[in-house]
Each structure stands twice: as C-alpha cells, then as structure tokens.
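In the two assemblies presented below, chain A is common to both, partnered first by chain B and then by chain C.
On to the complex of A and B.
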C-alpha cells in the first residue's frame, strides 16, 4: 500500500526548533535568516543534478529545524565545495560551509551516509592530510580501492594520468607538517559513543 | 526687492524638474532650469512605452517641455550644469558650466538616478554577450525592432529582475521599486511586436503596489501571455548561438532552462555621482547610499532653501516624479511668498 506520509508530510511549523539555525550562525558565521529564497544557489549548483535536496531547500529545512532529515541527506556527500552558490548568493549565504558543518555533525553522530563508502573516503582523506599535509591522489585511490574492495576501480584512468605525469605514485609530505598535525590535535573530529 | 523677481534654480530637466519649473513659473516666479544633456526629458524621453496605461512617455515630456517653453518665467539651459556655488545671506551665488554667474533664492535638485553596472554580475554575461541588454537599452531596442522583419525578431526573450537590487553581496540591499512594473511593461511590449515570441520573466517577487499596477501586471500575464518563473537566474552560457539561462523554479523546486535569443536585465537604480557632488555644493542631506534625503516633516526639503524631486531621492515612477516636482514647487512658492 502507498504510504502517503512519504510524499505528503505535514510540517508542524509552530513546533520547530531554532537551535540548528543558531548553531550554524555561530559555527559557520552565516545567518540563514538573510536568505531571500531566490533559488540562485540551486539553479547554478554544480552538482544539484545529483542532490536529493537542493541548496535552497537545505536552507529552508534549517529554518524549520528539520535536523534529522538534513543529517541523512545524500547532498551532504555530493557537495563539491565549488563555492559557486556562495559567490552568486545575494546574501552571501555560505552553503559549502554549512554542508561541512552538517557533514561533521552527521559523522560524529554516526548517522550513516546514504551511499556506500563515502565515510571511508572521508576518513582516508583526512588521514592522508594528517600524515602528509596534502592528499596524494595515487595513494588515496589505492587505499580506497583496497578498503572498499573495488580493486581495479579507475585503474585505467590512473595509468593514463600516470603516463601523462599527472599522478605521482610517491606521496610527498609538505614542509610544515607539524602545523597540520597540531590542527588535527586541536580539533579532534571523533565519533561520539 | 519685488517678490516676483525671486528666482529658483532647477537642476535636471527630466519629468520632475520640468514639473517644478512649470509650477514655479506658473505662480509668477522666475525658474531657471539647467540640463546637462543636449535634450530635455531625462529617462522618459528614452522610453518606448509606459506603465500602467500603455501611453506614450515621449508625448508626456514633450507636452511638459512645450509648457515650459511657452511660459515667459521659465528659462531652460541645455548642455549646462552647475560648476560651483556659495551662499550669500539668503541667496546662492552660482557659477554655471558656461561660466555664467547667477543668483538664486532657492534650489530644486531633480537630477534623477543612475544605474548599477550590470557587468558586475559576471554570471549574466552583460558586456560579454551581445544580446544581453539593460532594461533601458531594451526600450531603444523595442523602437528599433518596430522596423524589423518578423523572422528577425527574437523568438525567446528572458527578463531578469533585481539585478544589483536586493543583493547585499554585489549590489544594493534595497528594492529599486519600479523595475517589476517596467519589466512587465517591456515583456508586454515585446509580445505586442511579436505575439509568437515567448517571454519569460524571472522573479523573486513581483511588486505591483500602486493604482492600477496589479491589474497591469496581471494583464501582461493573462492577456499577453508572458510567463513568470519564480527564481533568480543563476547563470547564462552561450550554447548553439543561443543564451542558455539556468535557474531554479522555486515553486516546483526543480532546475529550469531557457534558450533565449535576448536577455533583458532590470539593473538597479542607484544614486548618481553628480547628485552627491551637488548635495555637497548646496548643503543637501544624503542618505546612506547617496540618494537625497529629506528633513523629517518636510518631505521635499533637504537643506536651507534646497528642495528635491524625482529619482535623485529614490527610484520613482513618472507619476510620482510629477507629484514630487509639484510638491517641491509648492514649497518654493510658499517660501518666496513669505520672503
């Protein structure tokens, strides 16, 4: 039987909470009450075609405090932080910063990502930054393929890039790796519980 | 001194300045109007049609110019502006750009507004693509298109509102007040020229607060079949000889595209540099943006013996510009009568 609640879900907007909006104001230095609801962000977003919830709607959901929905949305993991939306937004709403914040929150609360392996990728990437101060693509790809058991994924493209000199198989550390490591020590991004 | 020799200087020969000059002259005082351009009439003289009654804007200014020419108390000096001025007791000693020196007992600023530079919105391609025009340029284009063959007329025209208005990032936070209406008008006029053309107006809100305004805007949608799409366009990219507009239809929450032949930008109306300069010269008040500001309780007055009317105070439609011109004139006349 059809569950009508799935497509006609009534929001009790008099019972919503402001806490997420306030957290975002504090952590992302962006006030979503300045949003004009114009849709310029969604219209120009590089990845909106694969977003389950598009940027303007994300802002709207923050307004009504739909935190649970936001933490499990797939868009969290498809935003490429290209900054196009902020650049064009008439109120400079920093959507990629908000995405970062929500992603960290979802991760730390153990909300599972809707796609396989995105957390693994996130974890490996951060680990690489911790070790090398940058992301050595070759190493990251190999690590990712092994841990996600997709041993030959993108191997052909990887070889092509290697022969064009676009992929360095030996990871190099940045000069000031101590600084990066200090950053990681100062902001421990650990899962709760 | 005989009161009737009192003289007012009106700076700006648009609709507001002409109205003020005609009324001051009509009351028997002298009115000297200076206009920096060769032609009188300001913006109205450059328009193709007008809201909310579809009448001819050029006829209206021509009528006002004719009244002024026929009034012996009104003198109009085109290609002229103010170079400098200083106050001597109750009069302004003014040097004009033609090096004439004259004395005035009151001043009316009627210098109109300027326009936001639309090329600051890189994503809309103004200046980069030929067929992206400002609303004012489009009025001239409408005139030009009257003589085009039907097959040369644009088939798809997209109108973008609030370009540089309601934008705290790249423009001005305020609403420019009249662009919703003139955009409706321009889209309607495009449909009159080519009823087969598809016209899309991208909007955040449509603001039609004024006598006959709502009816006007609705008639553009319902009788002339202009399509309104709620969403502020995100970008314009050339594609196969067309201009591809990308936006979100925020009512449906889906991305939409329009392959347009022409794009018209309603760029914000902003204070003119020369107005700010004149405000300094005459001791007029300006607001946080640079528009002339009023003295509380005196809506047409901005300084001692200094009044203002029309777009130099804030974007205003032609009827409002005339009201303001007449109101500033009434204040000047009252002042001269008391002197």
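On to the complex of A and C.
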C-alpha cells in the first residue's frame, strides 16, 4: 500500500534545483511539496484571466527553480491578494505569502516591475508613512499623478470627492514618528524616493 | 464595554462617513470606542507587497499600544487594516523568531494579545442578533440589499476564523435583524480590486464591474459594505464602469453602520449620508426611511 510520504515523494520532480523551494519553506512557512496539482488555486484566483502565470503554474515553476522567470512575472504586480487560493488549497499552501515573498525579492534585487505604476504607488505610500506615520490620501494621489505623468487622472472625480469632504488637504503627522521611522531602517533605499 | 478602536487612515479620509457612522452605531450599542493613542498606518497593500517585516512591525506597534491601554480587544472596521492587524497578531503568536525581531524594532514586548475583530465579528460576538434587533426603532422594511463582504473580512480562514470564507452570512443576518431583505447573490466575497484603485484602475473597473453586475442581476436596491476600499471602489468607479458597459447601475453603496444608524433612528446628517457619489437619498426616501 502506498503511504502518504511515498505519494508526495513521487511529486518531487526536480531534486537538483531546490534552493528557491527551501527558501520559501523557511521564510513563508509553507511547503509546496504538498501541492496536489489540483488547480483549485487557479480556479479560484480573482485575476487568473489576466495573469501571465497562474498560481498552479507558479508553484510548479518554484519546484523546478525557474527563479528568473518568477521574479519578472506580471502576476506579482496584478495579484489582488484576495486569499482565495490559500483558502481553496487542500494542502493550505500559503500562495499569497509566496507572492509577497517573490515580489519583495524582485524589488530588492531591482528587477523591473511589469507594472511600474503599481510599484511606484507602493513606494510613494511607504514614503508617506515614513514621513507622517499615516497616509495623507490627497497628497499621495497628487504625488502619484505627477510621478506617473498622468497629470489629469481622476481629476474630476477628485474634485467631487474633495467637495464631499473625503479628501483632507493638510496631512497630519503622528506624535511619535521616530518609532515608525525606526521600522524603515533596514529597508533598501527606495529609488528616487 | 470598552474596546480599543483602530480607525485607520481611510476612516479619517476617503471613507469619513464610515468612521462617523461606526462611532454613532457603537455609542448607541453602549460600546465605548477608545481610539488607539497615536496609532500609525497599517501599511496597507504597499507594506505587505514590498516588505514583510515592515508590515508586521507597523501593526505590532498599534497592537502594543492597545495592550498598554489595557484593552483586550481591538475593533478595526476597515477590512484592510483588520487583515494587517489580525495577520500580524497571528504571525507574532506563531513565529517566535519573527516576534523577537519585531519586538526589537518596536522596542516593546511583542504584543500577542489583544484579539483583533472586524466589525461583523464584533457585532455578532459582542452584541448578538437579538440584542441588535431590540435596538431597532425604524425597521429597514422594503430594502433589498446585497451584503458585500469582499476578500478580507473572512479570509484567510486560518487567520480570521470567523464565518464562512466564501459564503459568509453574518452581514446578511445583521441586515435581516435591521428589518431589511438581503438578496441571494453570487459575488458576496469576491474581490473589488482593492488597493489598485489608483495604481491600476483597470483592474478595479473589471472586478468591481462584475460585482455591480451581479448585484443588479440579483435585484438589489443597494450594496452594503463594511470596508472603505470596497466602498470607495464601488462608489467612485461606478460611473466609469457604467460608461464602459454602456448601462446604468444606480446602486448606492452604503456602509453597514450607516444602515444601523438609520434603523436606530439617527438622521442622515449624523451618518454622513451626503458624502456618497451615488446618493442613497432617492432610494431611502422612496422606502419612507428618511
């Protein structure tokens, strides 16, 4: 009779390039060897219809150590982190955490993001948190429009929202901003930020 | 009862009407919201996308302050903030090495308590449906509502441990207790596009468009939300979605606490009902609720 351990052993398709797999096991506390290849992650995925590489394939590419391909995939910058994949996975593989891990790795290595505006927005948001401790939404939108050269993006809607009292023109800073800034000390200098 | 309150950036800004109505509804239910002193942003999508340790640290500081305020529960009405705080709390409890690192960064004992609740869980567990029903003075009769939970109020299930991750019912039960009629529909826990509101609006138009479509097919008069990102995306992008699909939706997007406020007898001004781009006034007036 085939026991569970033997069964999973059969799925170890590449014993030679396992460094990424080991890294993910260590940092994401999730074991992709438990993948049953059932495809429920891709079936549930909110954005599978626009992903260049869908979740099941992502797990397979990690298994075969295709790191370069994974770090530049568009899915890193279009995943909505809706958590459907992990909740549907019969083995509870934490795919959203794996996506964060791969994106963080790509970002820290300077791999160009397939959607530079998404990356830019994240950077601007983090810079604002570092500066104020909170997100000044109006300032962030203006900064994003200027830096992404989409000068009139959502301008009309922004005015409507301003008159509805939804946009605070003056950013507020928290008192103990130093405590927040301390959290940023290990973060690689953000480009042009 | 006292509870630590984490409003997050949106409840002070883009979703001010959610913040206002949370305060009104909680006060009416006898809940004292003690705002976490000098709280910082949870880091939202940006922090977890680019730096894991940062996202945990940002939430850990907020949880540590709540603990120092002697609070054993934190209410985070924003689903995004809730997810960050709850996720951090889960990691701090289960990953001792990370907890030690984070403790060093925030220069405090890593906070493994208090419990973090979203609005739905808080109402269900601290009030209960019967107590809620007893407070209703103006039942929301004749309102057909699509209860929209989005992604993060119930997922990931291992962390949230509340309601069904894909077929949740808590908000439907709350709306029923308020006298409204929740519709059966397919998209109650699908994603609106969340944090891509500004950075990649096409994703939001696509995903939020599917939600509006589904609510309309189900015959809903309005969509009810308990998350500022869902609220803002469905409200502010409705015009662009309608233009793209060449049809009209006319679906007001109303925060759950605003409806609680109406059912408890508060006025539109007290609940920020004028702040929506798709006005809920015509609908609420047609049902005799305003």
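Miscellaneous remarks
Criterion: the second predicted complex is superposed on the first by the 136 of 193 C-alpha atoms of A that agree within 3 Å, B and C clash if a C-alpha of one lies under 4 Å from a C-alpha of the other, contacts with A are read in each partner's own complex, and residues count from 1 in each chain.
We adopt the following convention: a contact is a pair of C-beta atoms (placed from the backbone, for glycine too) under 8 Å apart; a residue touches a chain by one contact, two chains touch by 3 or more.
These numbers come from a predicted model, not from an experiment.
Once the two complexes are overlaid on the shared chain, A:78 sits against chain C while remaining clear of chain B. Legend: residue contacts after superposition of the two complexes on their common chain; A:171 is shown touching neither chain B nor chain C. Put simply, more of the residues of chain A are touched by C, taking chain B and chain C as the two choices.
In the superposition on chain A, A:184 makes contact with chain C only, not with chain B. In the superposition on chain A, contact is made by A:92 with both chain B and chain C. With the contact threshold set out at the top, residues 92 of chain A are in contact with chain B in one structure and with chain C in the other. Of all residues in chain B, only 123, 162, 166-171, 204, 230-235, 246-250, 253, 255-256 touch chain A in the complex they form.
Residue ranges on chain C touching chain A, taken from their complex, read 9-10, 12-16, 38-41, 43-54, 57-58, 61, 95, 105-107, 151-152, 155-158, 165-166, 190-191, 193-196, 198-201, 203, 206-207, 236, 239, 274-277. Across the interface of their complex, chain B is touched by residues 34, 36-45, 48-49, 54, 56-57, 88-92 of chain A.
Looking at the complex, you find that chain A touches chain C at residues 27, 29, 46-47, 50, 77-78, 80-84, 86-87, 92, 94, 96, 100-101, 103-104, 107, 115, 117-118, 120-123, 125-126, 129, 133-138, 140-141, 144, 153-154, 157, 160-161, 164-168, 174-176, 179-180, 182-184, 186-187.
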